[in-house]
Structure formats: C-alpha cells, structure tokens
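My questions all concern the structure below.
Chain IDs A, B and C follow the sequence of writing; residue 1 opens each chain.
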Amino acid sequence: MVKFLGRRLAASAFMIAIAATIVFFSVHLLPGDPVLILLGEQGAADAEVVARLRAQLNLDAPLYQQYLDWLGGLFSGDLGKSLQTGLPVAEEVLRRIPRSLELIVAGLAFAILLGIPMGVVAARRRAAPAGLAVSAVAVAGFSAPVFVTGILLVIVFSLWLGILPSSGYVAFGADPLGHLAAGLMPALTIGINFMGVVTRMTRASLTEVLRRDFVRAARARGLSHRAAIRRHALPNALVPVVAILGVRAGNLLGGTVIIESLFDWPGLSSLLVSACFARDYPMIQGALLAIFVLFAFISLVADLIQSFIDPRMRTGR
Amino acid sequence: MRKRFAIATMAAMAVFAAPVAGWSAETPERGGTLRYGTVTEVSSLDPHIYVGSAWKVLMEALYSTLVGFNQEAELVPELAESWEQPDAGSVVFTLRKGVTFHDGTPLTAADVKFSLERIQNPDTGATLRPNLEGATITVVDDRTIKIEKPQPDATLMSVLALPEASIVSRQWMGGNPNVKAQANGSGPFMLEDYEPAVKATLVRNPDYFVEGQPYLDGVDFRMIKNHDARVNALRTGAVDMIDFVPWKDIDALGRVSGLVVESAGGAFMNLWFNATKAPFDDPRVRKAFAFAIDREAISKAAFFGHGTPLYGPPTTPDSPYFQEDLAETFRFDPEKARALLAESGHPNGMNVELGVYQGLAIYTTTAQIIQANLKEVGIEANIKLLEWANVVENKNSGNYDVLVYGVSVKLPDPDAYSYYFGAESTYWAKPIGFRDAQLEELLAKGRALTDEAERVAVYRQVEERLLEISPWVFINWREQAQAYRKNVRGYKQLGGALSESSPGIALPQLWIQ
Amino acid sequence: MRSMTAKLVRHAQGRNLALVVVSPYLALIAIMAVLPEAIAPYDPLAIDASNILAPPTSTHLLGTDEIGRDILSRIIYGARVSLGVALAAVAVACLLGVPLGVATSYLGGRLENAIMRAVDVFVSLPEIFVAIVVLAFLGGDLPTLVFTIGLLYFPQFAKVAHGMTASIRSREHVLAAVSLGAGPVWIIWREILPNMRSVIIVQASFTLSFAMLLEAGLSFLGLGVTPPQPSWGQMVGTLKDYLFTNPWPVVFPSLALFLTILAVNILGDWLQDRLNPELGG
C-alpha cells in the first residue's frame, strides 16, 4: 500500500511538472499584453511607460529565465505575486480553493445520492416506461446548459418564493446559515447537471454487468434479484462510474466558471478565467497548479474508492 | 485673470450641497451601511491608475483631491481651501488646515508634491501622466503649493479634480506599501477589508475634513460582474444600489415600486477606423460608413431606447459647447453612403474586418446591426470577436480595420478631443500615426484659451473639422444608469465625464432613510 | 416472476418505441441542417429593430430575437452549425484519439507510459482554459471552434481506445492469431477495431452532447460561434440575457438543444445494446 502510494505520488508529481511547464509557455505566448491591461484603457500607454512597467514586473527577461525563476520560487513554496493585485498568488488561490471544493462536493453528493438509484432503475427497467422516464430526466439534467438551470432556480427560489439569496458569497465564519443558503443553488446547479451523468453511466455500466456470469450465478444460488444487484452487480458496476466521476469532478475544479459567474461565487474557476482575460501570468499558473494538484488528489481518492468497492481489488488481486 | 475663493462660502457650500441640491428638504439621518453592487471587479486600488468605474467611486471614497466636483458638476474646494491662478498655465493652492490621513499623519504640501510627481513618473504608469507632463510642482510652504505648466492649459483644474489625481501620504508611501491592495487617504471612508475583484468594506472616517460628513457608517462594495446577478441582488434586497444597470433592465427596474433608476449619457459608441491605412485613409470612405449606419435601430435594439443617436459630434445639448446645427450632420442616408463609396473609387463596395469586444451584449448587438447596415450599401463586414486583452493590443499596435469602440468621456472639458484625436495621444491617433495639421492647431488653440466665449468659437471649428474628416463615426450616447432602493437618499446622476464618478461624488452626502 | 420471453418482448418494444420517436426527429434535424433554405420562412440574418424579443405570433411562429430576427429561421439554419460543429469536433476527437490510443498500446514500455501520462495531463487541463488559449491564438472562426472542441475531447477517446486495445490483445484467440503469424495491422483491422466499435460509438454519442453544450457555454463567455451566424448554443447563450424580462425567445433554442441531445442519447443507448457483441442480438 505504501509502495503503491509512493509510486502514485511520484507519477502525479511528474505529471504536474509537465503540465505546469506546458502551461507556463502557452500562457506567456498568448497574444495580449498584461502591461497594457494594467495601464488600463485610458492609460498612458506610451512606449517608455510600457517598457518601464515591463521591467518592474520582470516581464522583459528572456522566457527561459522567467521560467527558471518561477520554478525556483515554486521549490521554495513561492508562487509569485499577481500582476494585477500585487498580492501573493498562493494566498489568493488558497482562499478560493475551499469555496470551489465545497460546491463540487455538495453537488457531487447530490448527484450520487440521486443518480445511482436512478441509474439502477434505468438499467433494470430499460424498456419500461419508468426506465425511459428516468433516462429522460437524466438527459434533461445534463442537456440543459448550466446557466439555464441556474437561472430557472433563481427565478423560482429567489424571485418567486424569495427563500434563497439570488447570488453572493457569505463567509462561513461570518454567518454559517447565510453561507449554506448562498451555496445551495450553485451546488444544486452542479448537482442537477451531474446527476444526469451519474445516472447515464450507472445505467450503462450496470446493464453490462448484469449480463455477466457471476450475477447469474448469484441468482442461481438463490439470491433474490434485488440482493443480487445490491451485493454483486452494483459494486462491480460502480467501479467504472467512480473512475469517470473522479475525472469529471476534477474537471469541475476549473469548469464551474459559469455557475460562479451566475451566482457571484468567488471560486477557483472564476479566478482562473479572469486571470486569463487579464493575462495575469503568475495567477494563471498558480490557479492551474492548484487545479492539477487537486485533480491528482481526487483521482487518487477515486482509485482508493474503487479498490474499496471492487472485491477483486480488495483481496489484493 | 485671477480667481480667489473665500474659504467660508466654499466650505458652507460643500456642507450644504446635498440639502440645497436635492429634490427635498429632508434632514439627513446618520448611520447605516450602503451595500453597493458594482460591475467592475476592482483588482487594484492604486489611486493613480484608472481600472474602471467602481475604482473611481472607491477612490472618491478613500482619497481626496485638491479640488473636486459637487453634485451640480461645479468645481469646489477639497483639500485646497482656495487657489489663485497667476496666469493661464499655473495655479497656487492653499491647503485646508488640520487634514489628516487615515493613519493620523497630517497632510502637507510635501504630500501633494509627492503625489503629483508620482503621477508624472513613468514608472507609475499613471493615467494622468500625459496631462501633467512638463508641470513643475513647488512647495511654497507647508500649506501652499504651486503648479506650473510650460504652456497655458485650460484643463488643469478639471484634471486635478479627477480621482486619478488623488493625494497620497508621502510618509506612508515611503514604507513601500502595496498600494494596489491597501489604502491610506484622507477621504470620507477608510478601507477596512478588501478582497480583490470580490469586495471592499469601508467604514466612516471620523476625522473627515467636511464637518458632519459622511452620513453613512460604512459602504460595502460587492463586485458583481454578472449583470443578472447584480440586478437580482437589487431586486431581492441583497444590495441597496447597483451601477451599470443593463439597458434591457432600465425600464423594467424603473417600474418596480421601491426602486429608482437614474441615468445620464456617460459614454458614446463609435466606429474607430485605422485612418492611415487604405481604404480608410479616405475621408469619403469614412463618411460613407457614417451615413450608412441606422443609429435609431441601434438605440432601440442594443440599448432598449436608452442610447440617443449621435448624428453629430459627442457634445451634450446641455453643454455650452453644443452646436445645434452640427448635431444633424450624419442622418441615416444609405443613398449618400453609396454615392460617397462610388466617388472614392469603390463602386462595388469593399470587405472590411469589424473588430468587436466579445464581453458585452451592447457591443455584439451593435456590431450585428452595423454589419447589416453596411451590407445594404455594399460593404461586407466580417465580425471578429476579440477578448479585451486583444482589443487593447490590436488598438495599441494599430492592427485593425474598424473597431466598435465605446468611449467614456475623459474630461469635463472639450479638450477631451485632444485625448481622443490628438496626434500625441496613445488612445487612438498615435499608434496608427494619425495627424491632422488643422486639427492639431485648433486643439492647441483651444487649450491655451481661458475665456469661454472664445473657446466655444474654437471648439466649434474643431467639431466642424472632425465631422469633415470623420476619423471616427460617432454612433450613439450610451446612457449609464444607477439603480437604488427608494430609502437611499441624496443621489444625483451626472452625465459626461462625471458619470462614472457620480456615486463617488454623492457618497459623503448619501444617507439611508 | 415474469417469464423471460415476456421480458424480451417488452424490451424490444421499448427500444423500438424510442427509436420510432427519435428517428423522424433526427431526420427532421438532418433536413434542417442540409436544406435550411427550403424550409426556413425568413432570412435568418434579416434584422428588424422595431420588433425585438417578440413572443410567438402568426408572422413569427417562434418569436424574434434581440435584433428582431426570426427565431424559427435561425433555429433551422442553426441546426447546420450546431450539428456540424459537434459532429466535426467528435470526428476530430475520434480520429486523433483512437489511432493514438491503439498505437500507444503497441509501443509498450516507458514510451507507452509517458504518452498516456501526457494524455492524463491533458485531461486535467480545465476545458475553459484550453478554449481561451486556442481561441486567443487562432481566432473564433468555425474550424477553430471544431478544432478546439475536438482537442478537448480527444484524450477520452485515446484512453478508451488504449484500454480496449490492451484487453482485446490479451484475449486467447487474438494471442493464437499472433502466434500463427498475424501482423499488428491485421490484428488491428480484424480484431481490435470491430470490437471497439460499440464502445467508441457510445463515447461519441456522449461527446456529441457535450460538444453542443460546450458550444453554448463558450457563447455564455462570448467565445462561441461568431455572430450573426446562428447556432443553437449561441442563441441560448445570447438570449439567456433576456430570460428575466422576455423569456420566450430563449425557450425554443433551448428546446432544440435539449430534444436533440435526448435523441442522440437514446440513439446511443440503442446502439450500445445493439452493437455490444457480448449481448448478442
């Protein structure tokens, strides 16, 4: 187990290093000049001012030099300073991570709790109206663009019923209930979208497993259909579901920008996107690095969950 | 010409500005916090680099300038209690007594010198650097400071009244603070908490130099970039006031009882030509565009009726510089556009690339209408959506055909034209090497004059020349609206160059009923 | 307990029932995409500033958009762009990903590992970041959009193809064929690709849905299909601005998007059941 973890960590570190390098160069080669954006549209963008500001921000050094500087800083735990705010990148990124994670975790929980049972129904009664209806609901969940789902929630819960705030982030420390109320709709928007994906994947995977010999064998041994599904088929079917969920949950780290924008929730995705639009190089790199690390962590957790629910993996085979 | 302002009357005017100017004689109540939702995600609090409208409001709240504007758009004393102008190129300010920065250090003439020289320093990248170029700043004594420009400059006072000319503490700056994230001004409010692009929490400055102000205990800035989220926050009562009301919502919010919407023309939409590159170097081609555009349609569709068409130069009818006869120059006339195109040697039309900022519906909608209009006269325009970073880069490197560009009025003075069209201005002309000798001469003349009647005559000539050569096509005024709950009192929306500052100007006198 | 036969009958009925509904719908969409000129009542680019954001009327059956264009006509023309972009992007993802996955499996050793790790890196890059980078470099025309979306989804095809190849290659009859002298090309052509088909098609139907939605998401951020050209995603992304004040116009493009994705998914399910060799007929 320790050896497995060690190898996983080494592989992840290697992956992250490659990714960070690709990101560094692609970001610096992007058209668009951070200095011009800093000076503002009304700014005095004459050549002298631009050159001086570029020098101050160390953007005039050769690219490889900037890369080495950044790597050097990285090893001493310094992600650099934001070009826009002059504040340490690490501070800003760390502030945003929990905000994004809580939405994703809550959304995932919702999606799994509803999606897996729905997937089972859809797989068992694939031909029956119930199964088709569940499939249609699932597809509806992920085929509506998230902003449509989000806006509909706002219309119902904020404008009509007036029971949830339409947008905004409230720190948990300042007002725990307010925090939960503010996070409910964005989490639900993620959850509804994700529930469809979970349902579809559970259905596909379970359909496949139900035809395998061991499930039939279990039935032959006298287990009821329901028990055969619960004890044998479902755990097997969930292995690939968890694998794909891991990847998609990781994707959400940088993929909730629309939801964050809609609900004015200052998370990691919106940080990344505004940094991209402002060409704030250190901030883009820092945000992506955080995403890579969290991604690696999530896929590790997904692997561990898989080995836990898969009997074959559990016995060490 | 000499001007001298008596301290007593001016101070009195500042104190009573709100009750006198307001539409009711209510007595302001003290207390309460204003929750203000803004479109700009303010990423820097550097008081000398403009980064958007909410930044202006924050600067007005946190810092002070030598002079300022009141809610009647008149120039009034702030840190300077009086001033005199020995000649048209210089001014001597006498500072108010007993003003302190938020950290308690007293404000002196040395701070003023430091601040203005920081603006001049190319290392700062200050927005007003070109306006203060060549000025000499001399400390006469602790409370007296002299500013001299090498040439007469009628705009100097207006420039010094902009929040971009805020006065910072020399001592504080000496400690090398991160001015992008911290603030130590002498304004009505102090910065308590700030998260870049997310929020800023301000509390009352108990030692503000205007007695009895501000009325509010504090202001919470919530930066809500998403337009629907901002509007809904106001509708549901999560905030008391929002800026940049989306045009589609101006009428709808105005109908909601309990809400007030105030709007005024604060910016204008244009087509920018690369006027030194064929075929756009021919004024006839540019004027063909000007006649081809159906401004009425743009006003209706892109601005939901809140975007008055601009058939002439961008001067508002309430300005002394407004010329009624010029205001009808480019009435929609596709025939004339076709004729001008033929005359300029393009009887079969042309293909152009229309660069458009992708982030705002008003831009993309305007562009699509323009595209359809141009097609009518034989011009095939291909829309190219650009991120803001690319708009700025393309503009500064002169790499474009035609851009749809929104311009905020730069100065409350017609010399704003120098900023827009002056050959040395990096805003538009310099990157493409545009220089019109006649225009240059007229602009210099206007800047050197101080008598308003004489200036009106000169700027009429400037505008005539502008319409004649049409370096840009002026399309329409863009009304900028603020919406607030009825219990927010003492607000007044100003137009033109003061549009973005209006909430900031009002802030010390705002109160909640 | 129900009898096996009854179950099978119900099963087949259900599948066909879905297909009976889905096929004509998809055929209609296909006609819209191929021959919009023949069915669209108006020019999809004709603007009318005095009639914006109108609800459905007898002249404009589905209402008008933010500059007075006929929504029905734009949906009809939009089918071409939406389906075209999504199908082309899926083709790009498939043609990049499948060969890469299969070939990598044959490389073996460290190189195989390194390439699959690189693919993993790509998976962990946020979609929106990749989109911003590619679009900033190449501009926002349709081929770029296709390329961007294709690029975003190719790693998934590569991973699936890689995994399938490894498992098929280790099957006994394939090992036997190899020992009898069958070359890799023969094996890939006769064994691997046919066995992979069903999984790839299901993956493709999934990806098709995501591609159409991604296009909508990019439009939300102003990075999607360049106006005035209509696409469903762009229509939803633009008209959602008016959802609070004029909800009508956004309903129909959303519906087109939803129904098409639903249809594609039902088709995908059907194909999955149909093509999975282990399920038999």
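The rule we apply is simple: contacts are C-beta pairs under 8 Å (C-beta built on N, C-alpha and C of every residue); 3 or more make two chains touch, one makes a residue touch a chain.
For clarity, every value in this text was computed on a predicted model and none was experimentally measured.
Participant: What chain is the most remote from chain C, judged by the mean position of CA atoms in each chain?
Facilitator: Relative to chain C, the chain with the farthest C-alpha centre is B.
Participant: Which chain pair is joined by more contacting C-beta pairs, A-C or B-C?
Facilitator: Of B-C and A-C, more C-beta pairs in contact link A-C.
Participant: Average the C-alpha coordinates of each chain, average all protein C-alpha coordinates together, and give the chain whose average is closest to the overall one.
Facilitator: It is chain A that sits nearest the middle.
Participant: Starting from the mean Cα coordinates of chain A and chain B, work out the distance between those two points in Å.
Facilitator: Each chain's C-alpha centroid was found; their separation is 40 Å.
Participant: Counting in whole Å, what is the centre-to-centre distance of chain B and chain C, each centre being its mean C-alpha position?
Facilitator: 46
Participant: Would you kindly tell me how far, in whole Å, the mean C-alpha position of chain C lies from that of chain A?
Facilitator: Roughly 21 Å, centre to centre.
Participant: Listing for chain A: what residues touch at least two other chains?
Facilitator: Residues 30-32, 151, 159, 261, 277.
Participant: Mind pulling the chain B residues that touch 2 or more other chains?
Facilitator: 228, 232, 387, 389-390 - these are the residues of chain B that touch more than one other chain.
Participant: Counting only residues that touch at least two other chains, what does the list for chain C look like?
Facilitator: Residues 132, 136, 243-244.
Participant: List the residues on chain A that touch chain C in their complex, please.
Facilitator: Contacts found on chain A: 11, 14-15, 18-19, 22-23, 26-27, 29-32, 126-128, 131-132, 135-136, 139-140, 142-148, 151, 155, 159, 200, 203-204, 207-208, 211, 247, 250-251, 253-255, 257-258, 261, 269, 272-273, 276-277, 284, 288, 291-292, 295-296.
Participant: Across the complex, what residues on chain C touch chain A?
Facilitator: Per the touch definition, chain C meets chain A at residues 10-15, 18, 117-118, 120-121, 123-129, 132-133, 136-137, 202, 206, 209, 213, 216-217, 220-221, 233, 236-237, 240, 243-244, 250, 254, 257-258, 261-262, 265-266, 269, 272-273, 276, 278-279.
Participant: How about chain A: which of its residues touch chain B in the complex?
Facilitator: Listed in rising order, the residues are 30-34, 36-46, 48-49, 52-53, 56, 82, 84-87, 92, 95, 151, 154, 158-159, 162, 165-169, 261-264, 266, 274, 277-279.
Participant: Could you list, by residue number, the parts of chain B that touch chain A in their complex?
Facilitator: Touching chain A: residues 41, 43-44, 49-52, 122-123, 125-130, 178-181, 195-198, 222, 224-226, 228-230, 232-233, 235-236, 238, 387-390, 392-393, 396, 408, 410, 426-427, 430 of chain B.
Participant: Once bound in the complex, which stretches of chain C touch chain B?
Facilitator: Residues in contact with chain B: 45-47, 49-50, 52, 66-68, 132, 136, 139-140, 222-223, 226-228, 238, 241-245.
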